[in-house]
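Chains: A, B and C, in written order; residue numbering restarts at 1 for each.
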Amino acid sequence: MNIIKCEELAKNYANHNALHNLTCAIESEKIIGIIGRNGAGKSTFLNILAGYIKPTSGSCSVFNKNPFNNIFTAANTILIDDRLSFSDYLTLEEILTMGADFYPNWQGELAYRLLDYVGLPLTSKHQQLSKGQMATFNLIYGLVSRCALTILDEPMNGMDEAIRTDFYRAILKEYIAFPRTFLIASHHLAEMESILEEILLIDDGSVLAHAPVEDFKQQLIVLNGPSDVLATLLADKVIYAQKDMAGMTLAVVEASSLVISEDLLRTNGITKSPLTSSDVCMYLTRKKGRDIDAFFD
Amino acid sequence: MTAITALLFIPFILILVIFIILRKLSKNTKKFWTPKRIIIVIAGYITLGFLAFLYFAFFYESKLTVLANSEIKQLESELKSLQRYDQEYNSSYLTKDYIKNTWEFKFEGDSLPVSIQERGNGLNFDIRLRYNDDIEKGKAVISYYQFPVIIDGLNMADQIPLPIVYMTQEQLFIEPPLENKVSYNRIKASLGIVDFNREVDLEPSISLFHYSSVLLIDVARNTELEDLQGRVTYIR
Amino acid sequence: MHSLTNLSLKTIVKKQVKWKIKLYISSLSSLIILQSIFGFLFFSSGSGSSGYGQQNLDLNFTIYSLDMHLFLSVFWAFISAIIFTTRAYRMDDLSVISSRTSSTIANTVIIMIYSLIAVFIMASTFYLQLLAISFLKNEPFIIDNLIFSPTLFMMCFSIICLFGAIGLLFGNCFKGPVFIKSLTSFFVMFAVFILIISPDSINLKGLIMLPNFMMSVCYLSVAAISFSLAIWIANKSEVSRT
């Protein structure tokens, strides 16, 4: 069942278009990575889903309702980002009490245990926490609220690696204990890949790819072989990246475009190797002709 | 216009400045001033205010009380009748109730010269002469009758100063009193600006009325009063 | 899938009010401080005075009425309501189940409750100031009326509430959609212009002449309109993080 349906979603600001023609459908009870470059429109998209902002055009439905300023979707959605703030009168303990008062599925015990695990004293104030501690607390808050749609926008920003690894596991454990939809926007794709089921790649305000992680990874492949053989083979193909060195060429191409048997490749001295999902993202979203080396050559 | 603007804007700016200072301070004081403590302070403040109210309601004895409208109306009609009697030269309105002070003087001979000094605001009371059979010859009884003076619903008769009356060299001197300065605080749990605007149109008369005090000189029937300034009126 | 949470707007507003009433309490303490400072500054001058000279009696009354206290409470309500719509407060709302609508309704309820408490604080300051004067200044008091009449109480409440409502509306206007922002700016400039060129065109005399109760009804009606407008604007507003 789809809990999120977006069609032709667009959001224009005075000086730029954050989203245009974004269409996607997200099924319930999945952990989905929302991936994209800086300024691709990830946060705008997530803010629309949380009901914070209104799309300029197109339609968006969350739990079959328009999420904008809707109390039903608000009750079932939580958006955790680095701007989450609490009154400076409240200690962490009081914040948890408040959360318990609002969210019906609240897991107070779990929150206390997690806070104890990461060593955050209950008596401290939210504003006094360091960047990493704040992110940790926010993530705990988001996890224990157990909302049917949990949106995490860069949840691990500022956390150290050990805590990050722990919390990827915590997300997974929570997901197993209480299956729900997680949308996680992050630049640390390699780290969280293991817990993701699907990847939604946003670029330039629209969806570039939406697929299960394995399929996503297999979208692109690396071919390595003699330059002249590869040149004829890839003559009419889209090449995402190419590097020539001593008569050998390394090229990244779309796997689906390559209709050639493995044996033929081998006989031509071409090897095929897979890419990591981070690399796939990088190549898919890299602008043509943009090469940082070119600036320094 | 500029005065009104200044009056409105200076407090406004002052309030804003206080607000900004408070907000800056509150950042540092939030550790101690938890909502619970603030609630206690607010409740305490309101309770103290209530106690202050109870003090005024039950324990504060005000020397002056504001007359009720009906009492004022009654006094007003009484004073109107006094005026009528006075115009008819009838001394019956000068009852003992109104006597505030009496002076007794003895003099020789059949005539009593009266000298009336007018200073400052002049004489604020009437002087009346009455031939009284009960008084022996060579004696003058001077009585000061003070009638109610209603200012803003208060009877201020007690605060009106007595005239200066004395006798030297067989001559009676009457001088106006020195000014008596009195200030009072009034508690009006209402809005002055609203009351003011409403009162202007409603009851302008009730706030102030009085009837001149009378200084009565009683002498024996055959005595001749030498009225040097021509201010004394005969009354039956 | 687990069943979805279905909380009514009323439930959310109730919960928000429950927490906000505690967390916004510092605004009431600032009212106390404000009242105390002004009470101290204008300690002995009272709200007005009148003098009479009769029969060699120079009588001077210093009148202690509620004008200054009400004036302060009204400004306080306006500024506090605007502060409730500022970024820090709005961001705090996002960390719990809320919508702009529910937050504004909760703010409306808070402003009404705080206005009521403000009347009590105002009355307390009045009596405490009188008590201080009676001990420190050796002049007798005349008690014209000591007790707030119920209609006066209602009037004070309604006018504080009204200015709170205007503050809330004002704050929401500047966070609302662009056309509302421009409309508000235009309206404010127009009002200032009118005030400068012909201050006499605004005549509240007719309103003042109404009995207290009717005046309260007028104020409360305007307050209700302002609150409704604020809620309507909030319902159209996006979350602005600036």
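Just so it is clear, contacts are C-beta pairs under 8 Å (C-beta built on N, C-alpha and C of every residue); 3 or more make two chains touch, one makes a residue touch a chain.
Just so you know, these numbers come straight off a predicted model, no measurement behind them.
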Between B-C and A-C, more contacting C-beta pairs sit at B-C
Based on CA centres, what chain would you say lies at the far end from chain A? B
Calculate how many whole Å lie between the centre of chain A and the centre of chain B, each centre taken as the average of the chain's C-alpha atoms. 85
Please work out the Cα centroid separation of chain B and chain C, and write it as a whole number of Å. 39
Starting from the mean Cα coordinates of chain A and chain C, work out the distance between those two points in Å. 46
List, in ascending order, every residue of chain A touching at least 2 other chains. 89
Can you tell me which residues of chain B touch two or more of the remaining chains? 30, 35
Residues of chain C that contact two or more other chains, please. 22-23, 26
List the residues on chain B that touch chain A in their complex, please. 27, 30, 34-35
Chain B contact footprint on chain A (complex, rising order): 88-89
Of all residues in chain B, those that touch chain C in their complex: 1, 4, 11-12, 15-16, 18-19, 22-23, 26, 30, 33, 35, 38-39, 41-42, 45-46, 48-50, 52-53, 55-57, 60, 62-66, 121, 124-125, 149, 151-154, 156, 159-161, 176-195, 197-198, 201, 208, 210, 212-213
Per the touch rule, the chain A residues reaching chain C in their complex are 1, 3, 28-29, 47, 51-54, 63, 69-72, 74-76, 79, 83-87, 89-90, 98-99, 101-105, 141, 147-148, 178-180
Give the list of chain C residues in touch with chain A in this complex. 1-2, 4-9, 12, 15, 18-19, 22-23, 26, 88, 91-92, 94-102, 235-239, 241
